[in-house]
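In what follows, chain A forms one complex with chain B and a second complex with chain C.
And now, the complex of A and B:
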């Protein structure tokens, strides 16, 4: 397949973004059509391995894209969530820039997942920051300015290490083989202390994005202050970039080293699971709670892919998709709630089940999926990840199980406080109306997907399989 | 092929054109009938003619001992001439003197580019600097005279230090050529001469004159200083390269980057902020030169040096001219510009992202090449410090974007947009294009 077909996948939303900027009153329609078109187009690629590459350019840098099952499923997630975000923000009175920013964000994210050249990957990786910076800073909540700066600066801090690490990797590769190349599939990391340094530099870049504790402090602010749709993209897709970087780049490039470092990385992932859950328990702000729960969930993804067993790799990867769906839906629901009550605190609501039964249903459903109730999607990913880890290093699987329990401990009380308990003083529950048809339709699609992936994840797993199974030692 | 000067002087052809141009400008000014617009046009035409002449001059020609050139010097001459064009286009001179001064200064830079020994280098240096002092003195800001005096005394001292170093070098080696010497006297001489180059570049700790001068000058002149004069200083440094140890340069580079970025964070005046940011950028140029020297002056590393300056030419010119076209001087006035002037705010945002080194802009490609060369040269610790400096500098570039877009405007904008907006827009577009296609 020619490279142009893959180029079109990311260029379509990019051009659409320019059109939306120029679109004036019609830009939301542009955004809707382009994001829907991109989603449909992303399904036109067969589920197996599609590779396309252009000849090597100067210094081994080339514009080359590749798309296999793992990239493809993340592209689907990106395109799907962008469409959801556009529809979810439909009624709001946003300037053309808002719609354009989402399309540019989509273009950059698709580029990250499609890039095969390491430098191209980095360029897209950084380009993601610009639209997200504006989404948080222009259309966010009260603390948006600070949160936007924090988000950009933190991620840039990681990016510098990622860039220096990539440069080092390529230079060492040249020293060993005599070939200049930036091709991710070809590059092999150096051994010894140099390898450790390169690995650490690149891992810091990815860890900021995941985010691994203690590099996570940008996340609660960014997620809380972003507009609802921005939080959906942040949690749903942006965090996955870090895990994707680990799987796509670090695992194949440093096959030995990742194995040797397993105890340390596993410890970091377990800390993420436990620490994220404990922080979530302490939150009084619904959005912040979900943000911290993301920290915990991404820890599960990392545990799975760290194990380098077939179950773990597949489970960690499908957990990326699952987390995108469930946490995306939770942020959407909180956004809908905020639109009505203009509060996000747990104590600001109560007994919502009377006034908003459908919202209560969807929130409960998604919370259960997020906790990992068997039959819903979260269970599949978490179970497989933990199974994989149990075969590699059982102690971390045990810590992961503790994390699952903690997930119930922070989710259910929050759900109960908002939807079932009697409202306290100053409650704004009376302002809340139930979901309208558009919101119902959105949430039904999301809930349907959660159920589908929970009951029958086979097809998606088969799509992801080829690349991931190649990583099993 | 056009031959104005016969070999072995053909390297001086662009300089000859500039000299003729400067004399014509002065002569035209002396007769009262020629308007200022025409004089500016003459100056611009002579720069373009010099560019044309540069294209047709073989850069490999050399006539030792006075003249010699290489591809780097040849390419840099193009940069000098290009840096002078926006200044000549935008300056509003009271009489014919400033355009002639600009031409003379560019002539001096060209002499540095073709110099083959220390004497020629010194002549080029002074030829470039003297008009610069006068141009600062003729700026419109109230601090112009103060800035010019500071610049003159500091610059003359630097020139004297260079002469001193040259004398010591001559005493040690008995020659004015650029051969390194192991004699302590010769090392001391090299040290002094390098110090002069670092002074002209504005590297820490020899940067003290730079913020005052940049703040005192008109924005278009500052743009010229930060691009043309900086490029000339870098070239000057590369000419002295055989005399200096790379690791010392790399550490000076890292310090310069961090210092410039940290101080710029606190600035309220935009021109001063950009002055400190230009110090930080000078550090990156210095790092590129250090990497070039450490790798035995490899052509690929010289590409990194040149590309950084070429990218910086667009970014810096665009940013300083933006200040002029929008009539903004304090940081507070930036608030709310994103809504009030969408197009020009977007242009500035692109330029600032490019200065910060965010892909897909020219600034990223430039920083990336420098980082790569520095890594290949084994300058690991300065490289990491430079990366942290880039992070700090993002703080103020992004802060400016935040002020423009996320804050509400406090007061309405007075001035109407300036006609030179086209230049700013062109610079912004060039920053993106160079970033997307650096091989252009």
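And now, the complex of A and C:
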């Protein structure tokens, strides 16, 4: 395939973003058409590896993109969720900047998942921050300013480590082989102390994004203060960048080191699972609760990919997609709820099953998917990840299963408080109306996908498989 | 390629079609008709099951794959079916009793605002149990196992306006999740080691497994079964779960939910049975659960609560039988119990329905045999079956277990007789208190009326089963042994022996006599001891303290989560990180105050720096 086909995938939303900026009143139509077009276009790529690359420049830097099954499935997720976000914010009177920001965000995210050159990857990685910063800071909730700043500084702090690590990696590679290259597929990390330092720097960069406890404290604030669609993109796609970085870069570059560090990384991932669940249990704010549950779910992803067994790697990767769907849907639902009642507290609602039966249904359905009820999508990723870990280091699988148990302990009480329990004083339940047709359509699509991926994940697993199986030692 | 009979597909397709039709078409359009496709599906499932029972009885068996569910590399988890003696034996009871309860529910739930939601979840519950019984590997088994739990959650909480129902639902789901921990971990460990959880494969692998893995997974399976089948220490959710509508309790206690745990143990018996010491442990836990629950059942006042503790007691008896190695006897009792317990619950439902209340306590009953003659007749037969009166079904299944207990030794025999006596005691107490009298303390409602036909007929049919299923013992054994036999041969049902039967009947007679004296001769006894010993009543109300321990444990977890999530994470960790930003700002302010912009200041700094550099170079 020609080199430009891949470029078009990320350039399409980028150009669309510019058009949306200039579009004035029609910018949301631009956003809708461009995001739908990007989604359709992303389905035109075959599952196999497509590589496009330009001649190398100074220091081996090149503009090179590659698309294999893993990238492709994450691109689908990005394009799909962007379209969902555009439709979900349709009724609101946003300035052109809002619609443009989502398209720019999509472009940058697609770039991250497509880049094969490490420097290009870093450029896209940083570019993601900018639209997200504006989405939180301009269109967020009351505490948006502070949250946006915290998000930016925190993740920027991580990026510095990533940049230093990348430069060091390339330099060491040159010292060892005499070749300047930034190609992820070629780079090999140094051994010994130096390798550990480079690995640590890059891992910190990725860990902030995942986020790994204790580098997670930007996440609850950012998720809570972002507008609903912003939270969907944040939880649905942005967090996956960290896991993707681990799988795509650290695993092939440091094959031995990741194996040696398995106990430590596994411990960190298990802490994520349990700590995230315990924190979620203590929250009173729906968005904060879901945000902390993401910390736990991403812990499962990491547990899976750490095991470096076929089922673990595939499980961790499909868990990225599944978490994007379920948590994205949960944030959408909270957004719909917030549009009506303008509150997010568990105690601000009650007995919504009377006034909003469909909302109750979809929330319950998604919650069951999120706590890993088999038959829905959440289970597949969790189970395969834990299975991988059970083969590598069973003790962490045990901790993971504890996390599975705890998942019910934070989800169900919250669900009951909002949808079943009698409303307390000052409740805003009376403001809540049931979902309208547009919202129903969105949620039906999401719920259908959850069921489909829960019962028949085979095709998606087969798409992801080739690259991941190559990582098995 | 194995030929899969149509009946197997129908087991899944009929309920799925009915659910889809009910959910997408009838629920928005005619919610009060939701039960029609579902009842049709029940009939189809029951007929299919009858066919499958005949299929297995005539020596056929089936273990096949439907499709691949998850895969990675050369490894995959499949969706399959296994039709063998064990599965079909339980399936016959579950589908028949479950279908009759569906019909009953159509009458009982008529006019309920959540009628359509109720029937959809109810049927999904039924489907989940059927799927569980025909699963051919542990992961698929786990899917239906969890689905059973999730459906029970929504069904127990069906009357959402009742705070007790919501709390009971949460408690049931959480307890079951704690149990699922065991099942999931065991499945993961076996799968990680042997790359396969198909029962058929596992039975051949089991004898050669690493002893540690065998022991650990055996114990974890029992832990999971203890939650689902309400064994000590995880039994407490079951009595509370009676907050749901009565058909839910009947389905849950008789057919669909609590039997799943015993079934898991039976399925895994080639594995569990080969762990040294584990069967004895299971027998001991089962006996303790059975005796304790029988004792508590004698002290309860709510009709459904008495029956719920009775279920716990009978599940304990099944576990006891399993622990003695009597797989066939345990399964036989499971089937018989399904019949009489469903009948008892539905009769309790008729009493409640007749009194116009969701549930009735013995205080509001008494002398009901006059106003509810049909219900009384059904209840009496089912109660006699439970107590083990010859020649009703309960006699045969209990006798088989007693026989095994007597062979094992004096302790097992004593436990078996105590359970038999306890069962007779609480159920005849319930019978006497509810239908005889009324006593001075009881105030039955004014206009208690008999239930409509649709609620009597299913009960009567189930009672026929509770009466007569015991005579099918030999055919039951044949069913278990034919078809797709286990690699480890199952022990068959023992022949009746006069000595054991005599002892069993004597224990039963003792129990009935004691309850007769305490309820009919001393009519106020049940109220007197409560008045005189309030401390004793409080002790029984919290299950001799165990409920307090559980509540304390839950509170510790919640408080711990609060400490971590709100105090540590927010006020310590996040605050420290935000402080570091402040510190940076302070530093930069200090720094910027030095940058005054005046030329002379800058020159001074320049000279100081240059001097410092020179000094450093000089020192080197």
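We adopt the following convention: the second predicted complex is superposed on the first by the 473 of 473 C-alpha atoms of A that agree within 3 Å, B and C clash if a C-alpha of one lies under 4 Å from a C-alpha of the other, contacts with A are read in each partner's own complex, and residues count from 1 in each chain.
By definition in this document, a residue touches a chain if its C-beta (ideal position, glycine included) is under 8 Å from a C-beta of that chain, and two chains touch if they have at least 3 such contacts.
Bear in mind the structure is a predicted one, so any value in this text is a computation, not a measurement.
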**OP:** Label the relationship between chain B and chain C on chain A in the superposed model as either fit or clash.
**Re:** clash
Original post:
Touching A:405, do we find chain B (first), chain C (second), both, or neither?
Top reply: second
Original post:
A:225 contacts which: chain B (first), chain C (second), both, neither?
Top reply: neither
Subject >> When both partners are placed on the shared chain, which of chain B and chain C touches more of chain A >> reply: C
Original post:
Given the touch rule stated above, what does A:153 touch, chain B (first), chain C (second), both, or neither?
Top reply: both
**OP:** Return first, second, both or neither, reflecting whether A:348 touches chain B, chain C, both chains, or no partner chain.
**Re:** neither
**OP:** Go through the superposed model and pick first if A:58 touches only chain B, second if only chain C, both, or neither.
**Re:** first
**OP:** Applying the touch criterion given at the start, work out whether A:127 contacts chain B, chain C, both or neither, answering first, second, both or neither.
**Re:** first
Original post:
Where does A:68 make contact in the superposed view: on chain B (first), on chain C (second), on both, or on neither?
Top reply: neither
Original post:
Taking the superposition as given, does A:439 touch the first partner, chain B, the second, chain C, both, or neither?
Top reply: neither
Subject >> Residues of chain A at both interfaces, chain B in one complex, chain C in the other >> reply: 153
Subject >> Residues on chain A engaged by chain B in the complex (per definition of touch) >> reply: 57-59, 119, 122-123, 126-127, 129-130, 133-134, 137-138, 144-145, 148-149, 152-153, 156-157, 160-161, 163-164, 167-168, 171
Original post:
Tell me, which parts of chain A touch chain C in their complex?
Top reply: 150, 153-154, 214, 217, 275, 278-283, 292, 309-311, 313-315, 351, 353, 364, 368, 373-375, 379-380, 383-384, 386-387, 390-391, 394, 397-398, 401-402, 404-405, 408-410, 412-413, 416, 420-422, 455-458, 461-462, 465, 469, 472
**OP:** Within their complex, state which residues of chain C touch chain A.
**Re:** 67-73, 75, 139, 142-143, 146-147, 150, 153-154, 157, 160-161, 163, 166, 170, 173-174, 177-178, 180-181, 184-185, 188-189, 191-192, 557-558, 560-562, 564-566, 569, 573-574, 577-578, 581
**OP:** Flag every residue of chain B that touches chain A in the complex, lowest number first.
**Re:** 300, 353, 358-360, 364, 368, 371-372, 375-376, 383-384, 387-388, 390-391, 394-395, 398-399, 402, 405-407, 439
